[in-house]
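The next part holds the structures, each set out as C-alpha cells.
Heads up, the next two complexes both have chain A, just with different partners, chain B and then chain C.
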Partner chain A sequence: MRPTLRPFAVIGVALVVFGPLGLILYQSFLGEAFFSPTARFSLGAYRYVFTDSGFHSAFGTSLLVSFGMTLISVPLGSLLAFLLVRTDLPGKKLLEPWLLVPIFLSPVVLAFGYVVAVGPVGFFSLWTKALIGRVPWNLYSLYGLIVIAGLTHVPHSFLYVSSALRSLDPSVEEAARVAGAGPWRIAATVSLPLVLPSILFSGALIFLLGFELFGLPLVLGDPAGLLVLTTYLYKLTNLLGVPSYHLMAVVALAIVALTFPLVYAQRRMLRTAGRFAVIGGKGQAFRPLPLGALRWPAVGIVLLWLAVTVLLPLVGVALRSVVSQWGEGIQLSEVLTLDHFRELQGHPNLIRGILNTLLLGGIGGALSVAFYAAVGLAAHRWQSRWVSFLDYLVMLPRALPGLIVGLAFLWVFLFFKPIAPLRTTLFSLWLAYTVVWLAYGLRLISASLLQVKPELEEAARVIGARQGKVYRDVTLPLIRFGLVGSWLLMFMMFVREYSTGVYLLGPGTEVIGSLIVSLWGTGALDLISALSVIEVAAVGLILFIALRLGVRLDA
Partner chain B sequence: MKKFLSGLMFLAFFAGQHSPSDAAESHPNAAAARKEGKLIIYSSTDSASVEPLLQDFKALYPFLQVEYNDLNTTEIYNRFTAESASGAGTADFMWSSAMDLQIQLASKGNALNYASPENAGLPKWAVWQNQAYGTTFEPVSIAYNKRLLPADAVPQSHADFVRLLKAKPEVFHDKIATFDPEKSGVGFLMMTQDAKVFPQFWDLAKEFGGAGAKVYTSTGAMLEKVGSGEHTLAYNIIGSYVLLRQKKDASLGLVLPRDYTLAFSRIAFISKNARNPNAAKLFLDYILSKRGQTVMSEKSLVYSIRSDVPGQITAAGLNKDLGKAVKPIEVNTDILAGLEQNKRLEFMKQWKEALRR
Partner chain C sequence: MPDLIARDIEKQLGAAQVLCGVSFELQPGEVLALLGPSGSGKTTLLRSVAGLERPDKGKIEIRGKVVFDAASGFEIPAEQRGLGLVFQSYAIWPHRSVFENVAYGLRLRRASDAEVRQKVGDILKRLGLDHLADRYAHQLSGGQQQRVALARAIVYSPPVLLLDEPLSNLDAKLREDARAWLRELIKQIGNSALYVTHDQTEALAIADRVLLLDRGQIQQEGPPEEIYGSPSSRFTAEFMGSNNRVEGKIAERADGRARLEGKGWSLWGKLQAEKILGATGTGLVRVERVRMVDGGGENHLKMQLTSALYLGERWEYVLQLGDLRMRAWGETSRPAGEYWVSIPADGLWIF
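Then we have the complex of A and B:
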C-alpha cells in the first residue's frame, strides 16, 4: 500500500466503527428512542444508571468475572499453546480440533451442557452423590461461573499464542536447550516471553469478553439472581415495560469506556515492538522440543482440561440429544431415543441455516481476513498517531454487548439510506460480523506482522521491489500461518455469532446461532441439543481437515 | 406407525374442509391479496408449533407467499418500531404474546382498523376497537414433576399452594421455578394480574422467597428443569407449552388452579403501514375462523378462543371445567397501567423484597 493511502484505511475503519457507536452515543443523551419524534436531550439516562445500585453490583460482579476468567484462561491457554506447538507432545494433532470446540459452540448450549452434566441433578452430580453422599460443588454460583468462563475461554488465548509461537524462530529455543534448560524453563523464560504481545492481546481481549459474556451468566447466574452487566442490560429491555434504549446505551458506553485504560496499558507494555521480532532472515528447520520424562504429565494436564472444558458439557449436550427425559429418578437406558434428530428434519429452515452458517463462516470469514490483512498492512511499521488511534478504535465494537450491538446495526442499516437496500441480504450480516470481530482478526494479523524482522522487507526494497511487491512476495507469505489461524478463528466466531445479526436476519438468511436462540425461548432443549451435536460434528470435521491442510503448509 | 396414523388423520381432517378455490374466491379481499402475492408476519409463536396453521393457510390461499419471522417479543417490538420510524418496510401482520406491548403499539396508532367478519365468534373482551385481536385463550397454569412431587404436595389452587408452602417447606426448598418479572414482560403481566385477583399474592411471593425460588426468562428452561427434577414445580406457565412438552416428557403434570385460572391471549394486529394489507386481512380472518382455530387447538396444541370449537384445548373446554374461575386478561388499554413507570418499579421492588434479593 502506498504510504499516502494509509490514512484512508484508518478512516474506513473509523467509519464502520463509529456508525453504530455514534448512534449509541447519541441515543444515550436522549430521553427515549432516537427515532421517536418526541425525543429530547436529557441526561436522565446517565443519572438513572449511575445511581442505580443494581448497576453498581452488576459492574462489580462483571469485574470479578473478567479478572477471574483472564487469570485462568491466559496462563492455561499459553501453556497449552506451548505444549501443542513447540513440543513433541504425543497425539497433539488429534487434540487440537477438540480444543477449539468451546469457541464455536453457542454459550447457552455450552452452559446447558454443564447443567446436564454437573447441575444439581446432572448425571455426573448424581454419580458423585451416589458415591460420596453429596454434591461438593454448586454450578450456580459466582465461582462456578468464573471457573467455567475461564476454562471455556482458554481456546481464545490458545489461538493467539499458538499462532505467534508457530512463527517463532526455533533457534532461540534450541539455544536454551543446548544450554541445558528443560522444557518448562524454556517455555517460561524463552518461548512465552517472546510471544508476549500475543499473550497480552489475548489477555486484554478476554478481559473485555468477560464484560460481554451473556449466555453463560444467563443460564448459570440468572436464576439465583446473580446479575452481571449484560444481564442487567437485558433487564433494562423490560424493566420499564418498553425497551429503554437510552438506559441500555449508557450501560453499553460504560463497557466501551473500559477499553481505553485497557488499550493504554497494553500499548505501554509493548512500546518497543522490535524486541519481539523473531522471524529472522536465516531459515531454520523446526524441531519440536523433546519433553522427555515430562511428556506424560503434560498429556495429563491437557486431557484433564479437555475433560472438564470440552468433554463434560459436550457429553451433557450429546446425552440430552438422545434421551426423552433425564435427571433425578430416570434410568437413562430406558429413555434413549433418536426422535429429536428425526424431528429436526421437520424443521424447514434447518438445512438452510446450516448452509448459511457455513457460507458466512467459510467465505465470509475469508473475506473478513482479507479486509483485516489490508488494514493490518496499512498500519504495519507506520509510526504515526493514526496507528495509536487505530489501536483504540478496533477494540470498541467488541466492547459493545451483543444485545445492543444488534440493535445498533439494525438502526444503521435502517437510517443510513445509502446502505439500506443491503439490509435484507447476507452482506449486512457479514459487514456487522466483520466490524464486531475487527479486534480479533486485526490483532491476530498484526501480532504476526510484528514478528517479521524489518530486514527481510528491507532486503526486498533494496533490490528494487515496490512496497506492494514487498508485501505480496515477502510479508504476506511470511505471515501465512497468522492468516490461516485468523481465518479459522473468524470461521468459528462467525459460526457461533448470533446477537450481532439478530435484527438483520430474516427467513432465508437464518444461521444456526439464531435457530438455537429462537428454540431456546420456548424450550425445545432436546432439539437444540440435537442441532448442536450436528453442528459440532460438521464444524469439527471442517476444522480437522483445515488443520490437516495447515500442517501440510508447515512441512 | 404413530407418525403415519397422525399423518392420515391430518389428511382426513383437511379432506373435510372447503376446497381451496372456494375460500379463495369467497373472501372479499382475496382478489386484492392475490395481487399483493406476499405476506410478512412477525410472530412470537415458534415456527414448529405454527407450522400446521401455516400449511393450512397456504392450502387455502396458494397464491400467497408467506414470510414468517419467528422472533421473541422484544425483537418484534424493536424491529417494528425502528422499521416504521425509518419508513422502511415492516411486518404486515404482528402477532405476539407480549399483550401490553401489542396494545401499546395499537393504541399509538400503528394498527389498521379492520372489522373482521369473524368478530361474532369471539368474546367481546377479545377485540379492541377493531384493531387488536385476542387470538388464543390460554390458561396460566402450574407445571409439576409427577415423578418427584408427592401427590399430596401438588397444589390444586393458589390458596392451596400458599398453604402447602407453609406446611411443607422442605418439599419445596430450591424446587420452585417461575418467571422473572424484571426480565420477562409476560411474567410481569401474569404476576400483576395475580396481584389483582388474588389477595394472598404477596404471601405467595414471600413463601417463594423463603423457599429460594429461582427465576427464569424462558419457559423452555423452566420446563426442562422441572422434567429433570432440578425443580419440581413451575408457577405461571402458559398451558399450551406444557401440553406440547407433555408429548415428549411423560413426567410433566399440569394443574389449572381451581380458585382462579388466568387466561392469556396472543394479540394480533394488522400494521397500519402494511404493504400487503389484504393478505394480512386474510390471515387475521383465517386464524380467527373456526377452521383456523380448530387447527390451532388440534395440531398446534394452542387453546382456541372461539366458543364453537369443541374439545379440551379450547375456551369451551376450559369454561366447562373451571366455570367462573377462568379470568381472561382482557384485550384493552387497562393493560397499559402496567407500563406506568412508577407503579411498575414499585411492583418490582416489592417483588424483590419478597424474594429476599
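Then we have the complex of A and C:
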C-alpha cells in the first residue's frame, strides 16, 4: 500500500463508525421515525424517555447489575489467574483453555441453559426438590441475574490479570517466599497488588460490559419483570404500536453516553498500567509456587466455577433438546426424543438461519479479517496523526452494544436508498458484525503484526521492494498463521453473535442467535434448545480446531 | 568520485539530538568503520544512509547522485537507493529458503530465472553456503545466517555495502575468524563498505579508515593506526585500548612536551591540549606501553606491586605509588614488592 492510500483505510473506518452513529443522533432529535414525511425537529423523545419511570428503573437495574457482576468476576477472575499462572495447580495445562470457553458461548444460549437447568422447573431444580423437598434458589431475581452475569464474565478478568501476572518477574514472589510467606499470602500481598492496574482495568471493562448485557437480562430478567437499559430499548419496539424510532434513538444514545466515558477511562488506565509492571527476563524459567496441601481445594474452586458456569447451562440445553417435555413427576428416560432436531426441518427460516450463521462465520469472518488486516496494515509502522485518530475511532464501536449497532445499520439501510436492497441480504449483517467486532479484530491483527520484527521488512525495502511488495512478500506471509487464528476466532464470535442481528432479522438475514431471541418471545423451548445445541456444537468444533492448531485464545 | 558523501547530517529523536552535523566520504573500495559507544548515533547514521531514517538536516549522495537533501526536502526512498544492508539480527526471512532469501533482490530487478540461478549459485558457493540453499533460517547456525544475510546484500552488486554490527551476534571465537574472512571478502569483491560497530578491535581490524563517533559528533577520523596510536582527543584516547590514567599538575613545558607532577612522582609526556603551567592535567598511557624495568631512568618510577592477576595469556600487575595507580602487563608471575616501572614519554598523552 502506498503511503498516499493509507488515509483511505482510516476514512473507510470512520464512515462505517460515524455513519450509523450520526443517524442515531439525527433520529433522536425528530418527533417520529425519520422516514415519516411529517417528521420534524423535536426534543419530545428526550422528554419522554427521561421522564419515563420505566427508563429510570431500567437505569437503576443496569447500574446494580454492573456493580454486582464486577464485584463477583474481578476477585474470582484474579484468583483463578493467580492459581493458573503462578502456582503448581494440578492439571493447569488442561484447565486453562476451558477458562476462556464462556467468552465463546452465546449469552442467550447460556441464559436459556440456566433456565432449563436451574429455573423454577429446571432439571436440577426438580432433582434437588425431589431430594430435599424444596428449591433453595430463585433464578428469576436480581440476585440470580447478578450472580450469573458475574460468573460468566470471570474470563474477562482472568484474561487481563493472567497476562499481567505472566509478565511479572517471579523473583518478587520468590523473595516473599524466602521471607516466609505462603502462597495465599504471596497472592494477597505481592502478586495481585503488583498487577493492581490490570485488575482495575478488568474491573472497568466488566462494569462496561454490564451496561451492554442483553441476552442474560432478556431471558432471566423478563419473568421477574426486571428491565435493564438494553432490554428496555428492545421492549420499546412494541410499546407504541408504531415504530418508536425516536425513543429508541434516545435510549441508544443514553447507553452510549454511559459506555463511552468508560471506554475512554479504560484507555487511560491501560496507558498507565504498563508503568507498574515489574517485567522480568523473558523466557526465564521459574518454579511455580507450590500450593502444598491447598492444591486440591484450589482445583476444587476452579472446577466448581467451571461446573456452574459452563457445564450446568450446557447440560441443561443438551438435555432439553432431547426431551419431549419436562416438569414435575416426569422420568427423564420416558421422554427422550430427537424430534426437536427433526422439527427444525419443517421451518425453512430456521434451516436458513443455520446456514446463514455458518456462512457469516466462515466467509464473513474471513472477509472481516481481510478488512481488519487492510486497516491494520495501513496503520502498521505509520507515524501519522491519522493513526492516533484511528485509535480513537475504534474506541467508539467498543462503546456500542451489538443491539444498537444492528439497529443503527437497519436505519442506515432504510435511510440511504441506493443501498436499501442490501438490507435483506447477509451483507447488512456482515457490515454490522464487522463494526461491532472492529476493536477486537484490529487487536488480533496488531498482535500478529507486533510479532514481525521491523528489520525483516526493512531488509526487503533496502533490497528494493516497494511498501506494497514488502507487505505482500514479507509481512503478510509472516503473519499468515496469525490471520488463520484471527479467522477462527472471528468465526466463533460471529457464530455466537445474537444481539447485532436482532433488528436486522428478516427473510434472508436469519441467524441462529437472533432467531433464538425472537423465538424466546414465543416460548418455543423445543426449537430454541435444538438451535442452541447446533450453535454450541459449531463453536465447539471450531474451538477444537483452533486449540489443535495452537491458536491463542487470550488475544 | 566518492561512492558515498554525507554532509552535515543532523537527527533528533524525541528530546535527544542523536546526530549533530556529521560529514564523511567513502571512497570506492574503501571500508569505513563507524565506531562509537552505544548511543553515539552510529546506527542512526547508517540507517539515514540506507533511507530507513530521515535526517532533519544534511545531504547524502551515492555515486554522485543526491538521494537525500533536507534543504530542498528531496528524498529517494530506501527501496530506490539500491544499497545492500546487513542487519545486526541478520533479518533472514523465516518463510523463505536460503536460496529465495538471496534471490529476492535479483527477482525485484527482474532478472531472468537462469540469471537468478547462476548469480545466487555463484554467491552461495563463494560463501560456502551452496549445500544449504534449500534450508530455512531456523535450520542454520548463527555463522551461516550471517553469511546468508551477507549474500543477500551483495548479490545484486550494490554501490555501497552497509553493515550494522554484523558480527555482534556471533560467539567470541567465531567472531575472530569471521573478522578476517569478512575483510577478505569485501576486498575481493571490491565493494566500498560502511561498517558500524561498537567493538574497537573489530573496527581496527576490518576498516581502512575509522570514524569515531561520540554523542552524535565525529571525535576523530583516520586510519586505524592513527586512531589508536595518536589520539587527538581525550575521548579517543580513553575509548580505545586499555589505559592507565594519572592526574597531576603541569610543572614544566618544553617543545610539545610537559612534565606532569603529583604527590611523590613526576612524568614527562606529550602535550595534547593547550595547558598553562600549574594547570591540572590528565595523563593517559596504554597499559601495554608500561613496562617493568631493572633500574631507574627518565620516566621510571619505583612502585609497589600490590597484586599480580593471571589473565591466561599474560599477567597483569597492579602497581601503586601514593595515590598513583598503574596497571602493567608481563609474562611472569611476580611476588609483591618494589619494582621499577617505565612509562615512555611518547606514550603518555597529556590532556
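Criterion: the second predicted complex is superposed on the first by the 287 of 555 C-alpha atoms of A that agree within 3 Å, B and C clash if a C-alpha of one lies under 4 Å from a C-alpha of the other, contacts with A are read in each partner's own complex, and residues count from 1 in each chain.
By our rule, a residue touches a chain if its C-beta (ideal position, glycine included) is under 8 Å from a C-beta of that chain, and two chains touch if they have at least 3 such contacts.
It should be emphasised that the depicted structure is a prediction, and the values quoted were computed from it without experimental measurement.
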First, second, both or neither for A:Asn349, with chain B first and chain C second: first
First, second, both or neither for A:Glu455, with chain B first and chain C second: second
Partner chain(s) touched by A:Arg466 [first = chain B, second = chain C, both, neither]: second
Chain B versus chain C as contact partner of A:Ala538, first or second or both or neither: neither
Chain B versus chain C as contact partner of A:Leu367, first or second or both or neither: neither
Which of chain B and chain C A:Val474 touches, first, second, both or neither: second
First (chain B), second (chain C), both or neither touched by A:Asp222: first
Chain A: partner with more touched residues, chain B or chain C: B
Contacting residues of chain A [partner chain C, same complex]: 453, 455-456, 458-467, 469, 473-474, 477-478
Contact set on chain C toward chain A in their complex: 50-52, 77-85, 87-89, 91, 93-95, 104-105, 108-109, 152-153, 156, 162
Chain B partner contacts - residues on chain A that touch it in the complex: 33, 35-36, 115-116, 119-121, 218-219, 222-225, 231, 234-235, 237-243, 324-330, 339, 346-349, 407, 410-411, 414-415, 420, 423, 502-503, 506-507, 518-527
Residue ranges of chain B in contact with chain A within the complex: 44, 46-49, 51, 67-72, 74-75, 77-79, 81-83, 85-86, 88, 100-101, 104, 147-148, 174, 177, 180, 182-185, 188, 214-225, 227-230, 241, 245, 248-251, 338-339, 341, 344-345, 348, 355, 357
